[in-house]
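Two complexes come next, and they have one chain in common, subunit A, joined by subunit B in the first and subunit C in the second.
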Partner chain A sequence: MAGQGPSEPALFTELEVEFMAEDEPVNIIPNVRMDTLHMICGDYGPFRPQIPITVPLWLGIAMKKRSKCRIQPPGWMSVERLTEVLEMEREAPREFQPLPFHYVEIAKLLLDNAREDFENNYMVQSLLEDIKDVRWDKVEKGLKTLSGRTHAVKLKNLSAMEVNRMRTFTVRALQSFFKHDNDDMMKQTPTDSDSQSTPTSSDRLPRVCSQDFFTRSFDFTFYLCM
Partner chain B sequence: MANYYDIQDILMQDETVSTVFLHKANGAGFLDPSSEDNNVARGSVVDLPLWLAQDLVQRQILHIKLPSCFNARHEQCRPNLPLILENVLRVRKEVQADPACVDLHSKCPFYYEMGCKLVELSVDPTLGPFLLTTLQGRYKDLLCKALTATLSGNLKFLPHLTEEETRLFEAGRDSVKAFKKWRLQGPRIEKAAILGRKRNRDATPIWS
Partner chain C sequence: MDSANGSEEDALWGNDDDGGQWSHQDLPNDVEVLKRIWRNEKSAPEILGYETLLVERVREQIALMEENLAAYAESLDDVMLSLFEMDVNRLMFLLRAYLRVRLSKIEKFALHIMRTAELWDRLSAQEQEYAQKFVDVLSKHMHDSVLGKLEKAYDSMVKQAASSEENDMIVEPQLDTYVFCRSKTAVGSFQLDDKGDETVDLMPNDLYILRYRPVRGLLGTDSIELV
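On to the complex of A and B.
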């Protein structure tokens, strides 16, 4: 993972997020007869021609590349369902519609590798692009409302790739605002110069008023309610 | 101590601030280039790096004058320096008028960090709220620019940002850039750079 310094928020690259998405299940229809595959992550199969079976996306794509199966498009990737989602996204300006957590990556992988298994692949692709743009627009609008005193951002139904895309910027912005908007920064004390004419012995001690400010840790949490 | 190893913090503490000595300092003449003997006289104005100034402030040896880039009302300003006074008043007024347009980098590259340090040393009570207003004013503009910046786009405003803002901008721009790259990428397995290189063979065969 790139950038894991103390001041750098942890960041996944897009390829890493895609890698995680490849564990999602997908239905395939094999066209070969094959025994059970024994993998570290589990056993898949046995494969019989024309009998649908659920496998992880990476296995489905690997078999598809060798023309050993057809991929059944998931239910949410049908034109009707996507049209419905797009309409609802446009109607609700502040909410995100429930879609699979890895919908961006799954859609890309399936459309890149199994394009011919979709009936309306152009339609599906353009609908997905529209949905993605509408959702990103909402994210941008939400980011614009950040200001002082924002300690957490609740983003229901936001997908993995969208979170990843906004993560560094949002975390940094929240950190900056937190640094500048707290009681230590806002207090209106009289300047020291007024009371410095007759310094007493206790005044001469080094002041550690800032210690509390630095040791107080604060976690910015993204609530991801799936 | 929280960011003891933070290079940005170290660089920030190297910025100089103008300070007024409240006591006579014997043997510290090397701090003040204008002193004739080896002492710094009481009331003399010396430019010190922030790391030194903040320790001395805590020991009540000197008093920090608010740097001009943060200032609105400069009490200590002598009447024989009208130009500086004018300059000083302008900065905060400029920021108040439209924070997004001000070139803060040229005034102080570590504007916010330095401001925070000065607030801790309670140099000016209005500084904390002022910094927040500045950040809020500049944030929205920064957000739009970071998320719409193209790969080779027009980056005229980039030199105007402070260090902290530049890092924020780059964070936003880089993640959007990486996402676009991922969407348009071709095959995932790429050839290692070393394989593409031509072998550097000796032209003359060994057996000749």
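On to the complex of A and C.
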């Protein structure tokens, strides 16, 4: 499949990430009367004119395209809320603000397909761009702190698209760190075949490991998520 | 029409992609489960167990829906019909994507899978047949094009040379890779190495990058999901 070269770390294409986001809920205001849709993915409806109802994003957009409803912009996509988020993103260089996991894709889908349902669509779009940039900048800064003794990285409030974008590089880097660390261990351990069971070898390195774990990788944990 | 919700997995299944305060009341169903299974399969370096029952249920639901659509096509208006079709198509896409990503792993690691009973058992009957045929074709091709023309010591598909101690030409998945995962339950303090020096506190809904090898067991018990 696309995006899955032989030696690539698993990567979802943008369209695949978007596909997943399309199952997120959205509120719509139908302008038609329609019976309940008993679908495989769930039951939605009955639809009554002017009565808001929650449906999956793909369904909402499909109805919107057929002029059967308008989209109720989600609360987090209001200018006030986004301005607030942007400010907080800027103020807190060590943490990410909570946004929907698929906020990038949801915003793109809604603005592409239901632009006129947003009062300040231009403003919303520009705020979202800024938020995306500020967040990505933090991701890049966070990546710099990755080190050979990083065993676990906690990513609080990171979104799907951000995860997908940093995946290839991060996984490669961590793989290399791990590989070279282990090469070092091999060299330092006289009996490398049973390095885990002999008391000498387990005395040798782990202490360094654990110390580093709590200084360096914990820092990074702290850095990215607080 | 019947929207066959509800399965044993549902009980285990929390909300999918929300981050706490954004949670919504989406109904857990086979579509959500299949989506998670597909994501796990795509993100994991090795082949995971085939979800026989789930795939069976999903196939039945697709067939049933298509049957119903054919039967009621006349009485439904165009809009409703197209929405129902989208629903079925989305599920079919998901099912295909799942089966495909498995096939690509089977092709990549065919020799390794066939020589490892544990992995072999993770394949469905059809996948086993596919893997067997794939290896047959591959060895014939390798023999005809290259190996058959080499000296006896170098004509093995699994060894570089007869003197190799191990089967060093078999491609194996890299288990010491890193995966992005989310814990679904409070796993608590989890050990990442054999010595117990590296531990991580796995809290529900938190996102981590962890080495695959130590956490693969958690994937089996459904405590974490890959993203």
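Here is the rule we go by: the second predicted complex is superposed on the first by the 173 of 226 C-alpha atoms of A that agree within 3 Å, B and C clash if a C-alpha of one lies under 4 Å from a C-alpha of the other, contacts with A are read in each partner's own complex, and residues count from 1 in each chain.
Simple rule for what comes next: a residue touches a chain if its C-beta (ideal position, glycine included) is under 8 Å from a C-beta of that chain, and two chains touch if they have at least 3 such contacts.
This is a predicted model, so every value here is computed, not measured.
Asks: Contacts for A:K108 in the overlay, against subunit B (first) and subunit C (second): which applies, first, second, both or neither?
Replies: Once the two structures are laid over each other on A, A:K108 reaches subunit B alone.
Asks: Check the residue A:H38 against both partner chains and state whether it touches subunit B (first), subunit C (second), both, or neither.
Replies: second
Asks: For A:R167, decide between first (touching subunit B), second (touching subunit C), both and neither.
Replies: Both partners.
Asks: Which of the two partners, first being subunit B and second being subunit C, lies in contact with A:S147: first, second, both, or neither?
Replies: A:S147 contacts subunit B only, not subunit C.
Asks: More residues of subunit A are touched by which partner: subunit B or subunit C?
Replies: Subunit A has more residues touched by C than by the other partner.
Asks: Does the superposition put A:E14 against subunit B (first), subunit C (second), both, or neither?
Replies: Touch status of A:E14: first partner only.
Asks: Looking at the overlay, does A:K179 come into contact with subunit B only (first), subunit C only (second), both, or neither?
Replies: Both subunit B and subunit C are touched by A:K179.
Asks: After the superposition on A, what does A:N120 contact: first (subunit B), second (subunit C), both or neither?
Replies: Neither: A:N120 stays clear of subunit B and subunit C.
Asks: Taking the contacts subunit A makes with subunit B in one complex and with subunit C in the other, which residues are shared?
Replies: 6, 167, 179, 196, 206-207, 209-210, 213.
Asks: Spell out the residues on subunit A that touch subunit B in their complex, using ranges where they run on.
Replies: Listed in rising order, the residues of subunit A that touch subunit B are 6-7, 11, 13-15, 18, 108, 140, 143-144, 146-148, 161, 164-169, 172-173, 176-177, 179-181, 184-193, 196, 199, 203-204, 206-207, 209-210, 213-215.
Asks: Would you mind writing out the residues of subunit A in touch with subunit C in their complex?
Replies: Residue list for subunit A touching subunit C: 1, 4, 6, 9-10, 12, 16, 19-25, 34-35, 37-43, 54, 56, 58-59, 62-63, 66, 68, 76, 98-102, 151-158, 160, 163, 167, 170-171, 174-175, 178-179, 182, 196, 202, 206-207, 209-210, 213.
Asks: For a test of understanding, state which residues of subunit C touch subunit A in their complex under the given definition.
Replies: Residues in contact with subunit A: 1-5, 16-22, 24-27, 29-32, 35, 39, 42-45, 61-62, 65, 79-80, 82-84, 86-88, 90-91, 93, 97, 100-101, 104, 108, 174, 176-180, 192-195, 197-198, 200, 206-211, 227.
Asks: Give the list of subunit B residues in touch with subunit A in this complex.
Replies: Against subunit A, the touching part of subunit B is residues 1-3, 5-6, 8, 22, 55, 57-60, 63, 112, 116, 119-126, 128-129, 131-132, 135-136, 139-140, 143, 146-147, 164, 167-168, 171-172, 174-176, 178-179, 181-183, 188.
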